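I've put the structures underneath this note.
Common to both upcoming complexes is chain A, partnered first by chain B, then by chain C.
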Partner chain A sequence: MPSSLKHLLFMVVPLVVIFAVLPGVYQNHLLLFNFVIFLILAQGVNIIYGFTGYLPFGYVGFFGAGAYGFAIMVMQYQTPAVLAVIVAGLVGVALGLLLTPLLRLSGAYFAIANLAASLAVLHFVANPALESVTRGPYGVALSGTFDPNMAYAAAVVVMALTLVFVVFLKNSRFGLALQAVREDSVSASMAGVDVVRMRVIAWLASALVAGLAGGVYAWYVSVFYPDNVFSGDFSIFAIVFALFGGVATITGPIIGVIMLYGIYNLIGFTAPQYFQLIYGLLIMGLVLFLPAGLVSLATRRGWHVP
Partner chain B sequence: MLIYALVAGVLFGLYFSLVGIGLNLVFGVMRIVNLAHGDFLMLGAFVAFGIVTLAGIDPLFAVPLAFVVFLLVGVLLYWVLVPRLQGSVNPEMLSIILFFGLSQVIEAITTIFSGTSERSIQSRLLGTVFSTIKVKLFGGKPGPAGPVHIFGQGFPAPWVIAAGTSLLAIALVYVYLYRTRMGTLTRAVMSRRDEALATGIDVDRISAAAFGIGLGLAAVAGVFAPFMFGSVTPAFGADATVTSFAIVVLGSLGNPLGTALGGVVYGVCYMMVQTYLSSWADLLPYVLLIFILLLRPSGLLGRRVRVA
Partner chain C sequence: MLKVTGAILAAGLAIATQAMAADAPAEIKVGTLYASSGRYASISMPVYNGLKLWADQKNAEGGVYVKAFDKKIPLKLVSYDDQSNTATAATLYNQLVTQDKVDLLVADSGSVLTAPAVTIARDRKMFLFDQTGTGASFFAKDNPYIALMADPASTVWPKPVADFLIHDGPALGIKKIALLYSTNEFTGTQANAFRQFIKDSGAPIEIVYDQGVPTETTNYTVIINNIANTEPDAVIHFGYAPNDIAFLRNVQDVGTKFNMLFCIYAGLETELLEKNVGAKGLEHVFTYVPPSEAEYPVNFGMNMKEYRAAWNKAYPDGKVEFGFNAVAGYTTGLIVEKTLAVATSLDQLELRRANFSLSGELKTLDGTYALDETGGQIGELTPLGQLELNEHDSDHVKFVSIYPHETATGKPVYPRP
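Up next is the complex of A and B:
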């Protein structure tokens, strides 16, 4: 059995089935939905950071743009929600295309420029001068399409598509070429890899994933403000979850989301500053003592982790 | 109107240079991104609050205090965090995440001890030491310092004092880098870290000093933050970090004069947009940062190009 089929059968299918069945058993629908959203975003970060080495510090820009793409389609054109989610994904891709020049930057420069880009999009969307289009800082309310169950189903579908793409990256020549570019772009290009095209495809794929997630999120919550959907927490959480598990693997980000987001919800929201303190210390400890993530505990012993 | 915007832009710009210069030093020497820079600014502001509420004296006295305290904090933090970070596979990327964690910790601790409310200091308190000296030497009545007049326009005294302090601080950084032995070594580490190590320079000691000075300068800039921005909350750090980045990248890395120029250009642009297109002023730092990164990644005065 080829390993891609094995990965699909033993990791993607069970995860999708679990999240499809859980709402019937477990009451807290919103919590499950947030788990699915963070699984999508962590894998999106995995696609761009794990496989190409670009750290998308403003990843939430795509997410928020997707959410507003959904909102504008529903508010201005009264389109059905499913179509609006697809448009949300395309808005993510369009923003990704607009930002492709950023890929010329390296290292910290890219991360900072990406952060600045996401903040620029936030301030653009929230500008009172655009109130007739985006409703500016006053937020949007989409009562017409409100349907949590359908939105949840859509989120699970997006998650399944994202996981399938990551399995493809992990098992294909394309993914291998991307990792070669990440390690040494000059050698990779001498070996015949089209460096620029590879990076742009991975970048747009990761933007598409975040745009779709944003659209589904807007569908689910239906009332939100620019500060909600452009909150830097989305970028940070997705990056930390992916790193905690271990990037450039299929399992790493999944483990990261389930463990860390689980802990997050166990600690609860009663005292956010104590949570922030624990979280900050956790991040610092992670970087100092386990920079390659949880899976490195296994790979160090020579075990293969998909 | 135009002259007012220009002069205010230069005054703010000088202050912005002070805001960015510490970040510039840290990135230039260590190649690590101090994402907690803005939080040290915020802590500097809290030193000023402490001085005013506990001792009731001119917040200017907080400047040397903040510098010394955060110089020591920086040297200490360096030895705890950085050598371990430099040993990892990709220190530049991981430093972003590490210092983000640090900024969360600082913000959380400040919130736990002081709450989330906005704090400000009455602006007439700043610079009372000058008027007291004036009264002692020349007689006359002690009174609140009025606005300072430049080109026939009145500007709040704290702006002028902050700009003056910034000029002094930049001059001192210049003297440190170009007129002292430590500074020469620092510049050697900036240009080629591994070669500096091979020549026998104690890179860790130089870097620790640069890190301490960087944090100290951030805290000094923070002392003036309540006067320049109106008020300060524990969450102020994140915005201040992005603004500092815009200024540093606008100038160039590892060149204090570059940061001074970047700060002034930024300040003048900021005041111009604020005056003529106020609803778009929030966008400026981000858009400016992206354009400069794309068009001239090495900054206005830089020579080094960093592209993938």
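Up next is the complex of A and C:
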């Protein structure tokens, strides 16, 4: 059996089934929804950081742009929610195209420039002069499309598509070429890899994923402000979850989200007074002892981790 | 026959009473969130401490009277820390509703952290006790599951300052106004409402500077110079506490003198601003007069003097400042208490009916509780005042209420010396 099929059957399908079934047995649907959103975003970070080495500190810019893409379609054009989610993804891609020149930078320079770009998008959207289009800083209320069940289903579909794409990256020549670019772009170029094209495709795919996630998030929450959907916490959480599990793998970000976001919520519900202490210690422990993520526990022993 | 009938009635009453007592819960669960860290901690913690003070006080008295069960029932405050994170807040609100199954849902402070609760409350058909989330988008005729407890709607806030400028401004020589605001819902909406009040009035007043700046702005030096170049007679600044601190400090640093300077938080969080700007920097600044200075007559709960004493006793370390938000949390508690005392069941729409029945009747230390048909707060007004140095203690300022004239305690100092 080809490894891509194995990955689909034994990783993607069970995860999708679990999240499709869970709302029937656990009532806090929003918690499940947030898990799905962070699974999408962590895989989006995985696509751009894990496979190309670009650390997107401003990843939330695509997410927020997608949320507002959804909101504008619903408010201004009264489009059906599903179509608005697709447009949200395209808004993410459009923003990604606009920010493509950032790929000339690398390392910390790229991370900082990306963060600045996301703040610029936030202030653009929240500008009172655009009140007639985005509602500026005054927030949007999309009661006409409010349907948490459908929004949750859409989020699971987006998660499935994202995972399929990551499985493709992990098992294809394209993904291998991307990793070659990440390790040594000059050598990869010498070997015939179109470095710029590869990076741009990964960048836009990552933006598409975040845009779609932003769209379904806007659909689910329906009342939000620019500060809600452009909150830097989305970027930080997605990056930390991906790094915690281990990037450039399919399983790493999934493990990271389920463990770390699970612990995050567990502490939040049971011992909020120790929240930051416990969470901070966990992250410090990761950085000090497992910089390549939890999956490195297995890879150090020579085990293959998909 | 009469004896038999009487016995049956007595037995029936006894059984009914027992049944009612048996149905009564051991505690009334009030679910809420607070932000102990992050961007909204400074407004969230005073509100939460105020609510907690109310709950502790009621529990010390054996609970609150719940009409639905005709008895006093202890309160259980189920609260989580959202750390100013809206995604976390959304999850925690849902946790309160679906897992903790709270009887009453109380939002965190401010519009941004209230926004997730509005959606969830509506979805789960829970009546939301919105403490200070003034967002206009929350209140709609087709959403019966919300009411604003302890803050006027954003559009109501600037009416007294606008009315002062419209009615008294021209006589004082105020003809040109500069309007500076932070681009967030709370202050941006106030700026819009203020602008509209001025335009609609037809008064001989011109807005010569009208600029929104990001809420994160911490340096106003260039902006102050730009404002000064328009030579305004009055500068109206709508910003959050950190914006006011930075703005007032920069005004001192630059050395520019504006004849009239208005800031929101000089009045709402005066202790905080005194610490960061200094009493001298607040002298002659116009601001809203908070309920802590207005001494509204009350028909329910503690008055301001009693509440301040209770606050100082409960929180002697002074880590969380007593101010507008501290009053808001306690006010929410009082409204919850009165709602339970009126509602005939804990059904959420009955809670709403009971809550709305208090409109215009309930007078707390925050003023008169009055709602419009969408649940927006229109009773707890924000008079215009001016800060003056306290003659007995020059490290502190005191309030002089300026407008409306009926509640005024002094005349405005204009132009600022």
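In this text, the second predicted complex is superposed on the first by the 295 of 306 C-alpha atoms of A that agree within 3 Å, B and C clash if a C-alpha of one lies under 4 Å from a C-alpha of the other, contacts with A are read in each partner's own complex, and residues count from 1 in each chain.
Definition applied: contacts are C-beta pairs under 8 Å (C-beta built on N, C-alpha and C of every residue); 3 or more make two chains touch, one makes a residue touch a chain.
Everything quoted here is computed from the prediction, not taken from an experiment.
When the two structures are aligned on the shared chain, A:Met75 is found in touch with neither chain B nor chain C. Of the two partner chains, chain C is the only one touched by A:Ala141; chain B is not.
By the touch criterion defined above, A:Tyr225 reaches chain C but does not reach chain B. When the two complexes are overlaid on their common chain A, residue A:Leu288 makes contact with chain B while staying clear of chain C.
In the overlay built on the shared chain, the residue A:Ser106 is in contact with chain B alone; chain C does not reach it.
Of the two partner chains placed around the shared chain by superposition, chain B and chain C are both touched by A:His123. In the superposed pair of complexes, A:Ala213 makes contact with neither chain B nor chain C. Common to the chain B-facing and chain C-facing surfaces of chain A are residues 123, 127-128, 273, 276. Those residues of chain B whose C-beta lies close enough to touch chain A in the complex are 27, 33, 81, 84-85, 88-90, 92-98, 100-109, 111-112, 238, 242, 245-246, 249, 279-280, 282-283, 285-287, 289-290, 293-294, 297, 306-308. On the side of chain C, the complex with chain A involves touching residues 36-37, 80-81, 83, 85-88, 90-95, 98-99, 111-112, 115-116, 118-120, 122-123, 135-138, 140, 142-143, 183-185, 188-189, 191-192, 212, 214-215. Residues 27-31, 34, 37, 123, 126-128, 135-141, 143, 146, 148, 221-225, 227-228, 231, 233-234, 237, 264-265, 268-269, 272-273, 275-276 of chain A touch chain C in their complex. Residues of chain A that touch chain B in their complex: 53, 55, 57, 101-113, 115-117, 119-120, 123-124, 127-129, 185, 232, 236, 239-240, 243, 273-274, 276-277, 279-284, 286-288, 291-292.
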